[in-house]
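What follows is a pair of complexes built around subunit A, which joins subunit B in one and subunit C in the other.
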Partner chain A sequence: MLRVVGRRLLHAAVLVLAVSAACFVLAELVPGDFLAPARLDPRASAESLEALRARYGLDRPLHQRYLSWLGSVLRGEMGHSLAYGVPVAPLVLGRAGNTLLLSVPATALAWLLALILGAWGARRPGGWGDRLSLGLGATLQAVPELVLALLALLVAARSGIFPLGGMASLSAGELGFWGRLVDVLRHLALPTLVLALALVPVLLRHVRAALSEALEQSFVHAARGHGVGELRLLLTYALPAAAPPLLALFGLSAGTLLSGSLVVEVVMSWPGLGPLLLDAVFARDLHVIVGATLLSGLLLVAGNLLADLLLYAVDPRLRRPGATP
Partner chain B sequence: MSGRRPALAWPVAVLAFLHLIALGADVVAPYDPAEQTRELIWAPPTKLHLVDAAGRWHLRPFVYRWRPADGAPGRYVEDTSRIFPLRLWSGEAGTRRLLGVEPPARLHLLGTDGLGRDQLSRLVHGARTSLFAGLGAALLAVAAGLLLGTLAGYFGGWLDDLLMRGSELAMALPALYLLLAARAFLPLELGPAAAWGLIVVLLGLLGWPPAARLVRGVVLAARRRGYVGAARGFGASHVYLLRRHLLPPALAVGLTQLVLLVPQMILAEVTLSFLGLGVSEPTPSWGSMLVPLTSYPVLAAHGWAFLPALPLVLTVLSYHQLASAGRQRLRRTA
Partner chain C sequence: MRLRAVSVLVVLAALAAIVAGRLLRRLPPPPPAATAPAEPPAEALVSPRPPGRPGGQLVVALRAEPRTLNPLTAADNPSQTVIWRLMADLVHVDRRSQLPVPALARRVTTSDDGRRFRLELRRGVRFSDGHPLDAGDVVFSLRAYLDEEIAAPQRDLLIVGGRPPAVRRLDDYTVEVELAAPYAVGERLFDGFAVLPEHRLAAAYAEGRLASAWDLATAPEEVVGLGPFRLVRYLPGQRLELERNPHYWKVDAAGQRLPYLERLIFLFVPSEDAQVLRFQAGESQLIDGLSGANFAALEAGAAARGLRLLDLGPGLSYSFVVFNLNDVDPAALPAVARKQRWFRQLAFRRAVSLAIDRRALAEVVYHGRATPIATHVSPGNKLWHNAALKPPRRSLERARALLAEAGFAAGEDGRLRDAAGEPVAFSILTSAGNRERAQMAAMIQADLAPLGIAVRVVSLEFGTFLERLFDSFDYEAAILALGGGDVDPNSDVAVLSSSGAHHLWHLGQPAPATPWEAEIDRLMSAQMTARDPAVRRELYHRVQELVAENVPMIFLLSPNVLVGAHREVGNFAPAILHHPTLWNADELYRRAPAPAGGR
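Right, the complex of A and B next:
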């Protein structure tokens, strides 16, 4: 087990080094940098541009810049944003908090929907419940997240019940605690729904497959023969048997909490990690790009580790010496 | 699994239809996708009529001209003073179009956009950008996956280790973040053709790991088969073994991967173009056509601006159906 944890940690370290090094080298190779728009400005003199370059540290050679970035990672700053003029770590972490505020409820809702629909479908394969949940899954899978988010905007624009994107109303500052809470929840409703609906098809397919396989096992038939009720059969007999692949999937979906909502965030102007990265891409704010990418990548590695650990916890076969995880 | 076979005919027909339209965009599109009509900003879809204002029936469908509504800026009403019959294969030689009407009337079956460009023409030309970007990127990814996966599975050793660790590293990053980060370090302003090529190559290069890992598994399994050992015992060369015994099963896996990858790649191109990092204006893409839908006036007043999203949904649906039908048929033959 320790070996698995160790391997994932090593993986994370290699990821940080390889991705950051690749980003720095690529940024060096390609023309244009953060000051490119300023250079087009006729009012900016060559001297002041040089001074800005020196202040931002863009005049130093590549390896020096990379080493100083690594130093700032060790100090917990993750570099410095040129566009925002602040260290990257607090900036990225604050935005990541907003993303989690959106993605955690959405992922929870998606799992709830997938478990209910999947169980309903697996109970009677080929029945109308099964057909309904399969049809819903296929439909949702065909509608891209982008289109779904735009449709949600349409609903917001036409109905007027929900705000048109953003995280808080302009007047939010004047509201009391409860007023602000209700305001954020109202802004949260549509993006959460869109993200959850986009996540459902994949989860639903796995839940249905795992549960219908578990329900075919002979011990389930035996329990049914002994008169165990349908609900108990599902919850205490089939669900534990179906758990291993679902827990692995749960770990993976926890790993995408930061990275899975980029499109929804951009379309519905949710101030999360996605729009931050997009702005940084347009502005060539190198440290923010590296920081946002690495943070979401690290959470993905952590999600894989969580999947391993959960599997290890529920599957006694893996705990036997000599078993390969 | 239910015993019914998923249909194969309709997804093939739909995809063939869409690709044919994309190929023939120059003829199918009623207008040049970049042509702007400043008098018709966000004009609603042109209606086809059979009965004119006086109640007379016409055999040939016809349209009326849009004219600005009195006292309501941005709204249009039909000018029923003159009818313009629909023409098939009209226009001068060399610039003939499948459908058209006589000027000064204009045929905008899906309406116009904020610059007065014909949405249908942009959609048809955008199909060229988006459909073939997806196809090209998926082909590239599967080709790279086949090559690297076969090498890793057949030769093993340090090459295998290197390639598999590399693919793990590439898959450890969220795909869209990786794509945006990679796109960040490529020139932002590019000609349409260069930008299109760049996106295809980028998507193709980032998409190889899953295909490579699957192919490696298949080659690894096939290499242990008795007939491969026998052929090797008879002195078969690496090239012969790969071509005769290992590539065929790997190709089948590659084909299913291809069908699964194409819709993902199309969506990736659409997303990039939507975010403003793809093919630039005036070249249309299905992604950039969705950008106006984020503005309140369009959402509130021009609901038909959503029509360009329909072919995208239809394409994704058809590819998914094709993938599940193909999987079922391969399983049966295996």
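Right, the complex of A and C next:
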């Protein structure tokens, strides 16, 4: 197992180098830079723009900029935001935490819904429950996440039950622990639901397919013949058998925890990475873009590692000597 | 089985730790309560507006977060919005009258030759930390703005006659600024230059750190200014809170010290739709930058909700189509070079201009909340707009006649052809992501079709768009917008002057390419030094006539400035200049203040 962890860490290091180098090269290929919009500012002369370009180091060759960025990664800064004038690490890490606060419960909710609906459909393929869950999944897949988010805002505005975005009320600082907990949960409710509903369709199809296949296994039929109840059959026999592909998918979905909520965060004013990243893309604030991309990549590696560990835990074959996940 | 249980527990514990960590995190404590304010300064500026009621707070949503709190380096709109509530300038342009009025300088005297300005400061003014203001702070601030290393965006505005001005301290309350050449702008020059606290920033300047000072991680008590508010806290991605500056130097007619508001809160709401919903629900009390569609949506039921929505008319920005008249290499860009034969003909440009239905553009793209324009000076510019020039009304007959005079004729297939028989077709570049301009380009395409002109709309990423416009000149026509700064003609020099950096239709001219461009150069140069405002106006009106006659750009629309406020906001006096709703934040008040901390 230690070998697996070591290999994954090596993957992470290679990923950092590959993703960051790709970001730098791609940014170089696209015309314009952070100061491009200033060219339309009548106050700024060409000389002033050149002075600013020199100050930001944008006039240096690509390899020099990349090496100096790598140096800043080693110092724990992850580069320097041109727009905010501060190191990238504190800028993105705080917001990444907010994004995880939203995306972790949303992903958990999406998995829960997908497991329930998938199991419901898999029990009797082609039955009304199956058709209903597949229809629901198809409908959700057809509705863009942006529309779902706008609908949620409309519901919040009309009902007055939920806040209109944000992560906390203005008065949250004056509340006690439980008050703050309720306040954050109220703010979390709609964006979590939107994000979960957007994730459900893909998960649902995989869960249904995996469980359907597992329920057709001979050992499941044998168990049924021995009078094992349907619920126990599903939880104890079919679900562990269906686990390997679903855990692999879980690992992949962990990789989207930071990047998957961008639209919802922007529309619902959630103070996560989304608005910062969007702003950075429009402003060509390269180091912020690379920083956020890297965090996403590292999370993908971590997600896959977690999936491997969970697979190791649920599949006894992998624990045999000589087996590799 | 045990390993499985442990794995699940580890995952759950990690999730719980994240959630608990977020929830338990308390807000950073606000700085110590404001010290009891002393009596207002003897030379306090008296607000001309009716006295209001102190207390309460206002909430305003910003589309993006400010990037810095440093007035020397701030270039983005949200930063400017926040900074100018924390800072003050020597002379201020009244956003309603568009005229300069005294601010920190109680009097500005200009020498007869128009080169020297003597600025007399108000006595007894203090920074938000209680430190007294004197001439040293003004000299320090102007020196910082002029520093090439800092490269402040406003620096170029102070370079007159090719040289930076000499700044001298005459005594504790008087500063003299001497320009290298006479400058007709007068004391307006000092609007937009924040007076900085030397006692706080001198060390950073000496160490070469001034440009990076006052970022968003700076402790609130370190950010010191002369504006109506001071920083309380910044919560990344969520909001920025200001409180009233107890040392502010303005009073109302009843002698009450301004500002009235205890708190001014900026919420970060990245989408316009969410901003509108929050404003409608009363979670924010002021809104600006509304689109025509959202303005219309808010208008329905505005009275019942206690909302005031105002269309302030055209702002200063203007959209236009520009043809590529740059010197291009025919070998590198043969199609562009060939089509420039058409673009260089005045009759062709006029015909295209006449074929465009500007009213329809305003109706469809801006829901009627935009104004057709004849030149780059919109009717919103009260001081300099030449009202005698009317935007062209659509006339296909006149357009056809002009084209026929220039040797163009429609073929049997209905397509317009030039004298050499080449079908007339060109592309219009637009920047991706700008919905309004993409819509306008599509409508222009339809407008030109009856003339037999085929137009292709090409949408490009903004950086690529600018690269084609400024560097490679690989485009035929482009649609874009400029303007929005100050009303003074000097803000247009870069566009109008033949050597200007924004002389978009023909950049980098070593000498004026046409007689009318030479004439505009002469007029712009003359108006820059003319001391008599009437003479200046006459010169600038002539510039506008030349622009309208020669159509170097086909001017389309100036979007109206659309704003709103809840009726409980007193002294609401929006203007088209920045910032439209908060420019007089010191005078705004709540008729029925909400309890602190509430909404």
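Operating definition for what follows: the second predicted complex is superposed on the first by the 241 of 325 C-alpha atoms of A that agree within 3 Å, B and C clash if a C-alpha of one lies under 4 Å from a C-alpha of the other, contacts with A are read in each partner's own complex, and residues count from 1 in each chain.
As a working rule, a contact is a pair of C-beta atoms (placed from the backbone, for glycine too) under 8 Å apart; a residue touches a chain by one contact, two chains touch by 3 or more.
Quantities reported herein were computed from a predicted structural model and do not represent experimental measurements.
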First (subunit B), second (subunit C), both or neither touched by A:Pro42: second
Subunit B versus subunit C as contact partner of A:Gly272, first or second or both or neither: second
Partner chain(s) touched by A:Gly303 [first = subunit B, second = subunit C, both, neither]: neither
Partner chain in contact with A:Asn98 - subunit B first, subunit C second, else both or neither: second
Partner chain in contact with A:Val143 - subunit B first, subunit C second, else both or neither: first
Partner chain(s) touched by A:Gly166 [first = subunit B, second = subunit C, both, neither]: second
Touching partner for A:Gly251 - first (subunit B), second (subunit C), both, neither: neither
Greater subunit A contact set [subunit C / subunit B]: C
Touched partner set for A:Val30, first subunit B, second subunit C, both or neither: both
Partner chain(s) touched by A:Gly118 [first = subunit B, second = subunit C, both, neither]: neither
Overlap of the subunit B and subunit C footprints on subunit A, listed as residue numbers: 30-32, 150, 153-154, 157, 164, 266-267, 278, 282, 284
Sites on subunit A touched by subunit B in the complex: 11, 14-15, 18-19, 23, 26-27, 29-32, 125-126, 138, 141-144, 146-147, 150-151, 153-154, 157-158, 164, 256, 258-260, 262-263, 266-267, 277-278, 280-282, 284, 289-290, 292-293, 296-297, 300-301, 304
Footprint of subunit C on subunit A - complex, ascending: 30-33, 36-46, 48, 51-52, 55, 83-86, 90-91, 94-95, 97-98, 100-101, 104-105, 108, 150, 153-154, 156-157, 160, 164-174, 177, 180-181, 184, 266-272, 275-276, 278-279, 282, 284, 306, 309-310, 312-314
List of subunit C residues in touch with subunit A within their complex: 3-4, 6-7, 11, 15, 18-19, 21-24, 26-27, 59, 64-65, 67-68, 70, 73, 75-76, 148-149, 151, 153-157, 211-212, 215-217, 235-239, 265, 267-271, 273-274, 277-278, 280-281, 283, 433, 461-464, 466-467, 470-471, 480, 482, 485, 491-495, 501-502, 597-599
Contacting residues of subunit B [partner subunit A, same complex]: 2, 168-169, 172-174, 176-178, 180-188, 267, 270-271, 274-277, 287, 290, 293-294, 296, 299-300, 303, 306, 309, 312-313, 316-317, 320
